[in-house]
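Next up: some structures, all given as structure tokens.
One chain, chain A, appears in both complexes that follow, with chain B as partner in the first and chain C in the second.
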Partner chain A sequence: MSLPKAVYEELEKVVGSRNISDKEYVLAGNRAQTPEIPVRHRSADAIVLPGSTEEVAEIVRICRRHGVRYVGTVSGGIPTAYATEENTILIHFKRMNRILEINEKDRYAVVEPGVRHVQLYPEVRKRGLSYTAAAVGPGGSVLVNIACTGGDHHNQYGSSRPTRYLLGVEMVTPEGEILRTGSLEAGAGWFCPESAGPSLRGIVKGYSGNAGHIGIVTKCAIALDRCKGPAATRTEGVSPHSRIYMDDECSRVYVFNYSSIQDVGRAMLALGESEVGATVQKYFYLPLSLMMTSSANEFWEKWDGFRKAFPMPLVVHLAPHSVREREYEEKILFDVVRETGGVRLPRELERWWEEHMDYFMIVSRLQSVLRLGGSWLPIKTGGESVRHLCDIGDSIREFIHDFTDTGKIFDAPQNYQIIPMEYGHFASFELLFMWDRTDPNSFRYMQEFCAASRETDLKHHAHSMTAGGYGRAGEALGRLYCDCHLWAGRIRHSFDPDFDPDA
Partner chain B sequence: MLYPKTTEEVREMILAARHSGGGLVPVSSGPPHFHGASVNPNAETLDLSRMDRVMAIDRRSRYVRVEAGVTFGDLLPQLAAHGLRLNLPFLPRPSKSAVASALEREAVLMPKYQYDYPDPLLTVETVFGTGDVFRTGSAAGPGTMEENTSDKVIPWGPGPFDYYRFLGAAQGTIGVVTWATLKAEVAPSASRLFFIGSASPDPLLDLAGKLLLDRVPDECVLLDRTAFSMAFAEPGQEDALRAALAPWTLLCRVCGYERYPEERVDIYGGYVADACAAFGLTAETEPPFPVDPAQIERMLTDCDRRDTYWKLRRGDERELLTLVPPSAAPAVLAEMSASQPDAGFIVSPQVQGRAFRIECGLYFEPDPRQAEKAEETLFSLAGRLVPLGAYFDRPYGRLPELLYSDPLARGAMKRLKSIFDPDNVLNPGKLCF
Partner chain C sequence: MSDLNRFRYTMESCNHCGQCKWILPHRMSGWDFAEVCPIHSHFGFDAYSGQGLINIAREVMEGRLERTDELAAMVQTCAGCGACDVNCKSVRDMEVLETIFELRRDLAETGHLPDACRRMAENVSAGRDPFGVPQAERFSWLPEDFREDPEADVALFAGCSAARDPAPVLAAMKILKAGGVPFRLMTEDERCCGAALWRSGQQSAAEKLVRHNADAFHRAGIRTVVTVCGECFGAFRSIYPRFGETEFRSVHISQIAADLILQGRLSFRRDLPPLTVTWHDPCMLGRLSEEYVPWEGEIRSYGLHVPEKHWNRGEFGVYREPRDVLAAIPGVETREMTRRMEEAWCCGYWSGLADPECAAATAGERVREARAAGAEVVVTSCPFCKTALSGGTDPLPVVDLAVLIAGRLA
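Let's turn to the complex of A and B:
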């Protein structure tokens, strides 16, 4: 079904005829590109490209008047960025792609939604600064990543989750009004996220993002940190046959393997207490192995060796200010590893991390996980103390072997990551699993695996994830989380009167 | 006055107030109260001082969970016994509630541990104005507090909203917080305190920015000589100390933790010295004025346990608190100190050095007319600071008159208020409600 002509024309008046289309070949290029996720996506009825906040506001008002649904999208990294129902248009932000300000003194950058990591990251790095760029890759939107979705990133040990770095926000509410939050709402600039009083920052994002339900974010400021590690890196080759050179005496990577997750946790906490290291991570070994190989054939050749060599790798990047401090940090690191039973990887393996330091600075190759041609899903994407997450890691063996040993999912039972943040005050978790989507039963196996995981967490009353969902739709989990689904439903309804929390 | 002892009692009191149409204003700290947030002629006081349990101190995961009535005076020694410390404001009074301090976003002394403005506040339990009990972040679930096996330390959520941000700096208008989990830090095993003096605050602001960008100092705070002498002089010695001080002093402390602590202090002390040299400043460990550095270091890491709280040495005090980005700090500070040359100034870098909280204190002998005059002076000063970039994110007294000019933002706050406190039971009339 296509959009009624009158609505199309109203939208066209706002953005101009070059910036709207309902042509099938245009829409087809903007359908879900995630065949590994077995959700049926249909085409949107039209796609519009606004050029400003005011245009977004007008589009939203037109949609509301005519009962048309809309979905915002940039790189379409996740399925919610596509139309799933009839009578839906896509609002694509590719024209709103300006870096509006990089304020070195006040350490923030202001961006529009269409700005990708690949645009902003080099600009701030040139200035000796950095920010929390998630593993979505260089094409992901900075604003969406930090203000609207997930998420965690792989070098948050010496910093924090991206959500801590979201400052002033400008958004268009479902009623088509332009709302500004934090110091911005008082005319004091972008620097502070909090309102004077109950903070409207709280409606923009919680543990998860609300992906446009409370408003389309049209601008936001993100805080900038010091860039850790070499400011400039020499590179050679073209991905995946590329490497970088770390010509810096103050940057070192060490990788250790462990046999117990509790020992990994002890090491993380001990390093955190000493504030040693810029990045510390217990990474998942399956994506690692994929990233360390450049073809499916090479992966299958090496996987067996890799899974034995580093089933539980603790990766540590030291990026101190001086050689003396590096030596001090190395002393502590090796003490901690000795006390906790870690074993350093052979140099020929460890060298891979050194040569791919871009992976610590801005993770750019996680998409390689798709190369196997299978399906994949992250679950248990929650955060808690290192202690609690290590217990959750331990509990995975209670259910995973029923699936890995029977070929229902890929046989990689340790394939979860724990990434500490704020020097080990807390951490994020992710259990990533893969399966063969050509198997007709795979969808059922995937569902069974998710259910087994959830059941195990509930049995232990483990906080492996937050509870999403608004109103009735979020009831199953929400009632175990202080009825947060009811509160979320009320908040959403108060900003979007068309949303029915009882539906 | 109502004195609940449990969350259930708080709930009953709120439900009773809802029923009778009365108002309630929660108070957690003991006197003296400074900002008037808890003064409300239209509300009965809900005094939480009897809710004074320290519920958990966890050395491994570095947090403490306390009820709202637990004061700094009581809590700090207990934390020290576990090798932990809090990210404290500058020399708070011992009767100050640790929960209220974090909820109010009071300036912290160690910006390197602060990643976001509500930090060190992690999770809370609250009773909303509806009478519903709610827990934020990972304390929400799964299950009851007793069932949930997590440490309950993740502040965000549950789900797509940050409920704890609705409660911070809300002056009790959204919910009554009954307990909170606060981030704690490892107590240092070695340290060195530097005194860096300057005739102008500007190079010290830049120096603090540089040091914090590199995450060098633990405590870092800038004081003018009035605030310095009021805070640290022996009784009767304020004037002598004031006369000996540089107009501005940056206090900057570097620390070592459990492993090779002296080595870290040496390395980080070297970074302070190098940065000072680059700014043409000198970092001293033995200051050229009559104070005991060890005593100052102790005071920086504790509350003010002397008989008379330092801000009340002259009998009474009124203060103006503002938040500014680094680029606006020099102009705001210049206007403040030109307009109030006798005031005391505390400038606390926050959130990794990306902002400064500035406190301007007027100290005077107790006299209602003087107090009224001081309030008037500070309010008019606040009005002049707004165009210079000052943000009043903790709007006490008449400051709301300078805010809420954006009708949409005000409307959005009112929508939240109507969800969580539909009958306007909690601190009615405050902020924009």
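Let's turn to the complex of A and C:
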């Protein structure tokens, strides 16, 4: 179905004829079935490329007047970035891609939705700053990742979760009103997410983002950290075998293997108490193996060896300011590892990390989890205490073997990560699994696996674990399961009287 | 005949990550110069990108998108530069560019082809090169006193562009002579390398040229073909093996020059004014010049290719030698652009067959990048890049590498 001509023309007046299209081949670029879901994305009726907040507001008002739905999209890397119903347009932020400000003194950057990590990251590094990086790859939107979707990042150990990095927000409400939050609303700048009264930041971002539910975010400020590394990372080589150079004296990676997740947890807590390390994480062994190989075939050749060599790797990156500080940190690290029963892995593996040890680069390579066909899902993406998450890690064996031993999912039962943050006060969890999309039953297996995981979470009172789906699936689990969709519906209703929260 | 189905695995594996549109992190330098796909940058819609085009290919294959002339024109805006392919393959096992070329072939074979592309094949059938120069005039630029070495098993392949601008080939001849490399010219038998036809989807027309040239090399006992044009070089490496034509080895003039310099067989003048240049990697000399290795087999669960497949990921293009040569010329200082080597931004020339405005914007963007790198002159080794980059409203001087080398020989 296409948009009524009159609506198309109204939109065209706002963005200009170059920046709107309803041609079938243009729409085809944003409706492909992606490998993680067995159904095709519905086609949008048109795609618009606005150039400013005002244009977005105008588009939203036109849509509202004519009862047309809209979905915001940048890279479209996750399935919610597509049309789901008829009579929908995509608002694509390719043209809204300015970095509006990098404030070195107050340490924040203001971006539009189209700015990608690969653009912002080097700009802030030039200024001795950094921010936590998502594994979404170079083309992921910074704003969407920090304000709209996405959960935890891989280098939060010395900092905190991305939710805390969201500062002032400018958004267009479903009524087409431009709303500003925090200090921004008071005309005081971007630096503060809150003003008096309840925090809108929680509503905009919440735990993992509202995926555009409340409105279209057109600008946001994100907090920046001081960066311990150089202003630009020195690299050598040609993709896919490029490597980086860090100052060996002040950047070291150590990888230890453990036989029990509880011991890993003890190590994390002990390191956190001493505030040692720039990054500490129990890493997934499957992505690590994929990142260390260059093709699916090479992966298959080496996987058996890898899974035996490091079933439960604890990765510690030290980034001290001086050799003395490094020696001090190493001493504590080795003591902790000795006390908790870790075994250092061969230097060769540590070297691999060091040669890629810019966190942004590492997480960009993490896209290689999609090399095995692209069917994957992160579940149990929750955050709790380190100790509780270790129990969650332990509980995986209660259900996973039914699936791995029968080939219903990829056989990698330890493929989860735990990232402590705020030096161990809190941690995030992610169980990443894959399935064989060429198996006609694979989608059913995937759903069964999610359900089994959910049941186990309920049994162990893992209150914040998401399980690959909100809405009715979650609701059926009762109040212990996250009911954020109900809250989000009610909040949306208050912004958008036309929206029926009970529908 | 085209068979889009061969690329089903690629089409079904795309998860819309967007990596095919943005520079890889090891080359990132900031907000600017972060895009790698010229058509995505120009048009803005995702359809105009590696990801979009493979989605389109899938819909065409599944009969959900109609084959039309308008679609064919849109598909031909793609410069065929392969940046998307290299980026995707940095973390995945997918054949993005091959899928785009197969889509073009499918459209061409079903009668959907922009006029400019069609004209190239018509010219060839009428005994001209794709750009309209009659075969009889192909070597009209050759100096009368030229004497080849009839015993040589090395042929210098002039390429179609010599008829428009012979300077690079004349310069290459001077370099070979100075280095004492015996060579011949295939004045009777040389035809277009076929790249332009092959890349526009006209595979069978290209095949005739491929067979003709390969046969000519064979009959003349040629073992090594030296090219000056990056496009011809890439054709010999990545197109000829598809037709089983692998009897000869192709070498680019930059590789020969680098070798001769290393052996001390080329020396340069030191009295010429200094020059700050930047090297523009032509796609077909760089990331698309890896030797094509055919693969037929089965893709099993979780991406296992049986038998094992050889992947061209853009890692082994001719990147080092042109830079080594430039570094060896006294007074020449090279400044690198952000998008270089496997991440080089294309000149956009081939987009011009379908959309001259897009081509001009692409070339303009490259000139802007060269200027930002601090270059006074762009050096390259592809006549199409030279043409594209020399156009526009505010161009920089563009010099062919062979011409630069020859002009500074002692």
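Structure notes:
In this text, the second predicted complex is superposed on the first by the 470 of 503 C-alpha atoms of A that agree within 3 Å, B and C clash if a C-alpha of one lies under 4 Å from a C-alpha of the other, contacts with A are read in each partner's own complex, and residues count from 1 in each chain.
Here is the rule we use: contacts are C-beta pairs under 8 Å (C-beta built on N, C-alpha and C of every residue); 3 or more make two chains touch, one makes a residue touch a chain.
Quick caveat: nothing in here was measured; it's all calculated off a predicted structure.
By the touch criterion defined above, A:D436 lies against chain C but remains apart from chain B after alignment on the C-alpha atoms of chain A.
Touch counts on chain A: comparing chain C and chain B, the chain ahead is B. Contact with neither chain B nor chain C is seen for A:A309 once the two complexes are overlaid on the shared chain. Using the contact criterion defined above for the overlaid structures, shared-chain residue A:A223 touches chain B, although it does not reach chain C. Shared-chain residue A:C450: touches no atom of chain B or chain C. Common to the chain B and chain C contact sets on chain A is no residue at all.
Only residues 18-19, 21, 23-36, 47, 49, 74-77, 92, 94-95, 99, 115-116, 118-123, 126, 136-140, 232-233, 235, 237-242, 244, 294-297, 300, 358, 360-361, 364-365, 367-368, 370-374, 410, 434, 436-439 of chain A touch chain C when the two sit together in their complex.
Residues of chain B that touch chain A in their complex: 60-63, 105, 113, 115-119, 132-135, 137-138, 140-143, 147-154, 156-171, 173-174, 183, 186, 209, 213-215, 257-260, 263-264, 267, 271, 323, 325-328, 351-355, 386, 389-395, 399-400, 403-406, 408-409, 412-413, 415-419, 431-432.
Put simply, chain C touches chain A in their complex at residues 11-19, 21-31, 34, 40, 44-49, 51-52, 54-56, 58-59, 65-66, 70-71, 74, 86-87, 89-93, 301-305, 308-309, 311, 313-317, 319, 341-343. Those residues of chain A that touch chain B in the shared complex are 103, 105-108, 159-161, 163-165, 177-181, 183, 185-189, 191-203, 205-211, 213-214, 223, 225-226, 269, 273-275, 321-322, 324-325, 328, 331-332, 335, 382-388, 391, 422, 424-426, 457-458, 460-463, 466-470, 474, 477-478, 480-485, 487-488, 490-491, 494-495.
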